[in-house]
Amino acid sequence: MSYVRKLSPLAVSVRHVLLMTGAAVMLIPFIWMVSLSLKPPQEIFTINPSLFPKVWYAWENYSLAFKAQPLLRYVLNGVIVTLTIFTVQVLVAVPCAYALAKLDFRGKGLLFSLVLFCLLIPPQVPAIPLYIAFWKLRILNSYAALILPFTISVLGIFLMRQFFKMVPDDLIDAARLDGMGEFTIVWRIMIPNAVPALVAFGIFSVIAHWNDFFWPLIAIQDHQFMTPPLGIMTFRNDEAGNEYGAIMAAAVVICLPLIMAFLLAQRRFIEGITFTGLKR
Amino acid sequence: MASVKIKNINKSFGTVRVLESINLDIEDGEFLILVGPSGCGKTTLLRIIAGLEYQDEGQIIIDDRSVDNQLPKQRNIAMVFQSYALYPHMTVAENIAVPENMRRLNAWQRLPVVGRFIPGTAAVKAEIQQNVIEVSKSLGIEHLLKRKPKQLSGGQSQRVALGRAIIRRPKAFLMDEPLSNLDAKLRVETRAELTQLHRRLRATFIYVTHDQTEALTMADRVAVIIGGQLLQVGTPKEVYGDPQRLDVAEFIGTPKINVLPGIANSKGLIESAQMVIPLKTNLASGEEIKMAIRPESLEVTDNSEEPQWRGKVRHIEYLGSSRLAYIGVQGLSQQIIITFNSNNLRFNINDLIGIRPIVNHIFLFDEKGRRIKPVIEQERDLKYE
Amino acid sequence: MSKETELTSEDLSKQRQSFIRARKLSVSYLAYSMSTPALVLIMLVLIFPVLAVFGLSFTDWLFGAKHLNFIGIKNYAQMLGDRVFWKSLSNTLIYVGTVVPGSFIIGLVVAILIQSSTSLRGFYRAVYFLPVVASLLAMAIVWEILLHPTVGLLNLFLKNIGITGRDWLNESSTVLMALAGIGIWQMSGFSMVLFLSGLVGIPIELYEAAEIDGADSAWDRFRTVTWPMLGPVSLFVLVISAIRSSQVFDTVKVLTRGGPNKASEVLLHTMYTEGFAFMRSGYGSAITMVFLVFILGIALAQMKLLEKRTHY
């Protein structure tokens, strides 16, 4: 519970005025994006715009968006790539996090220091060598290229380790006494008790990789493998700024999945981010 | 059910010696309580018996077989943790079933969805379910089977932890301060229930607590561990009425025993605060000892002629059925505590009274804290002169 | 009595020592098997590439070329003499120096405002966090229109209050600030959410004690309780915002391509251009190294400087 004092009616109004103004600034791009996606070109490039389209151009814009680009494919790629990445990340990070949190072995300190150090490496630094390596292996322009570099999530290892450390040792001793082996303990005891951390991990991972632009830009040329952001940019470059309505329509389509998920699971999303903040 | 023999166990954590030469034989079906102040190694000993810690030296022998090379799950013992250690994400029924699932189903049968299609699984699972229901009935928790641990009270959680232990039919039950998380009233009720459970199961219970009341009321035998050393093992009566070490006398018994300094005189009798106690010893003149007297072993003397300690009543505590009086005696640095029934209280605060100990209830200890037995020639010796 | 109890204590001790050793070993093996996949991937995908970048930065390799020459620190020397590089570096510093304080303050103020009363909390939280969730690239294209000199909403709004708006994204004097504005818009929600979690963790008793002590105006409360208690969270927000804003790329690539005239050129864009547009892998690696040092420097500097001042 946070400290909430009774505010005077004046203070309450001021608060709303301030927050609403800010909220408007936050929301305007979204509202405008939708609005533009429904308008014909003459209403887009006008010095007298209105919020609602005078001519309903939605069908034209959206159908062009889907025809000119494999938009659905882009969204599908987003789903495939983010889900695969997250699944592999979990399979790799969770046992490692458990070992770091609850087992004793030589080199434990070293491994954890390595994890901490890697947290500071920006994801773009390995790009050039990875590109060269993937080129040599001939896996550029494929799902493999999109997924492989991100199979390891040191943030995930760190998050899960912090959370696992909070599981009482008694619980693990009881499980050992009851006959569970260590791997069984990871999947049957640690994971079910670490759901908030897992959710936070998932949220970070999905948002980051759905919206990733830098690496797909480098690694992918074929339309069929493009991820949503790359798809949008290609569309815009191809159209050279002519069919802005359609570009906006495409933008709406690729932003929609994450925004929908966010609105539906708002609580979890925000819990997830704050969780990582608290655990430092 | 099995006997447990603890042979010469030594354990240190770093430079700190936590257990020193512990030797103890626990009988099959016995309720043995390891008691001592917090942090003195009793929980460590329990964990060594369970196999969760390793001793530096010594052996653990369960049922006449050394278990030192066995993993905890191979030793066939059950442990009830102080925190109960219930799996928070499972229902009560699932919690109790875990040991049976681990033991009777192999890894394939335990797989989440696929497992049930393996032939034979359903039958085993049904049996396990049956066992769970029986065990929960015997503990009075069958109505809680579908609940999760966070919905249970302290007492209920404890029973679930017991259920998880009982269903294994282990060779011995190890319990680590199971009552300490309960409130005072519940603790008293659960004490009686645990004792009855022990009688019903006729199992070997090895129980750790820092509460000496629990030790005295529940145990067949009490093992007093202080400072990592096993100071005395005996029935509650022996440990209370015949302490072999000063530490034991001080730890067992509430209120705490009175400890007074004394000196042997030239006749080998003990003098304390100017009173000569008619206890003859083989000590040399001038040797210093400690005298311990329980609060209920002191009486008030009316006769000012008889040998006595004179002191002022500093404080009286009201305990309902009895009273505690704190007497400040000249020549003694600490106050003496006496227990009275409400009926015999004939004085008030600040009164000057005379008190003296009942001679054959006095315990003598040398400067190392070991018990000294007085030399008793005849009845005559036990009278004040 | 079984035979085992008749063994000498030395034999027993040896037996148990070897058992303990075997147990420790098996736990170690288990731990290794659990962490090997992670370790292998860390090596393959993070450590070796970083080392490779380091190595490449001392070569003149062009992507696809047959030969590779070691040229020592020539790449770095070239960088230091390159006007574009310095512009890129200073632009990045300016960008970070604008976005970090901007999103920090807005995030903090919004969080405090939101927490000060219960009405509409959920709504505000969702709205301010939305920009973090949306694809920056898509939103960048929207911003392009919003910042359009004639038909963009911003300039139309300014016209209404009598100010002539500029061509924000195409004038060298304004482009970096325009991008920084977009950056602040995108990152404030993230700081806000972290500050919210920090505020919720402040014990009520501290405020009550402050009230009794007479420190009960809003500013006093902030100064004596809120700000000190937000120490650790603030540090975290600063470090994370600095690292993330240093990685600015999407908006630059899509909206300005570093122009006009390198006015919005940033480190990561320079690295991309050299390494992947011009295919100069050696030189691009050198820039990558500078980028890495830049980020490590910011993170470590902040942590060292400020960790001392957070008291717990």
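Chains: A, B and C, in written order; residue numbering restarts at 1 for each.
Basically, a contact is a pair of C-beta atoms (placed from the backbone, for glycine too) under 8 Å apart; a residue touches a chain by one contact, two chains touch by 3 or more.
Computed from a predicted structure; not experimentally measured.
Asks: Indicate which of the five shapes (line, ring, star, complete, other) describes how the chains touch one another.
Replies: Per interface graph, the chains form a complete graph.
Asks: By the contact definition above, name the pair with the higher C-beta contact count: A-B or B-C.
Replies: A-B
Asks: Averaged over CA atoms, how far is the centre of subunit A from the centre of subunit C? Could you give it in whole Å?
Replies: Using C-alpha averages as centres, the distance is 15 Å.
Asks: Need the CA-centroid distance for the pair subunit B / subunit C, whole Å please.
Replies: Roughly 57 Å separates the two chain centres.
Asks: For subunit B, write out the residues touching at least two other chains, lowest number first.
Replies: Expected reply: 71.
Asks: Inside the complex, what are the residues of subunit B that reach subunit C?
Replies: Those in contact with subunit C are residues 7-8, 54-55, 57, 59, 61, 64-66, 68-69, 71.
Asks: Residue numbers of subunit B touching subunit A in their complex, please.
Replies: 50, 52, 71-73, 77-79, 81-83, 85, 87-89, 98-99, 102-103, 164
Asks: What part of subunit A is in contact with subunit B in the complex they form?
Replies: 168, 170-171, 173-180, 189, 192-193
Asks: Contact residues on subunit A for subunit C in the complex?
Replies: Going through subunit A, the ones touching subunit C are 1-5, 7, 11-12, 15-16, 18-19, 22-23, 25-30, 32-33, 36, 44-47, 49, 91-93, 95-96, 98-100, 103-106, 108, 111, 114-115, 118, 120-133, 148-149, 151-152, 154, 157, 182-183, 186, 207, 210-211, 213-214, 217-218, 228-229, 232-233, 236, 244, 247-248, 251, 254-255, 258-259, 262-263, 266, 269-270, 273-275, 277-278, 280.
Asks: For subunit C, which residues are in contact with subunit B within the complex?
Replies: Touch residues, subunit C against subunit B: 1-2, 4-5, 9, 12-13, 15-16, 19-20, 23.
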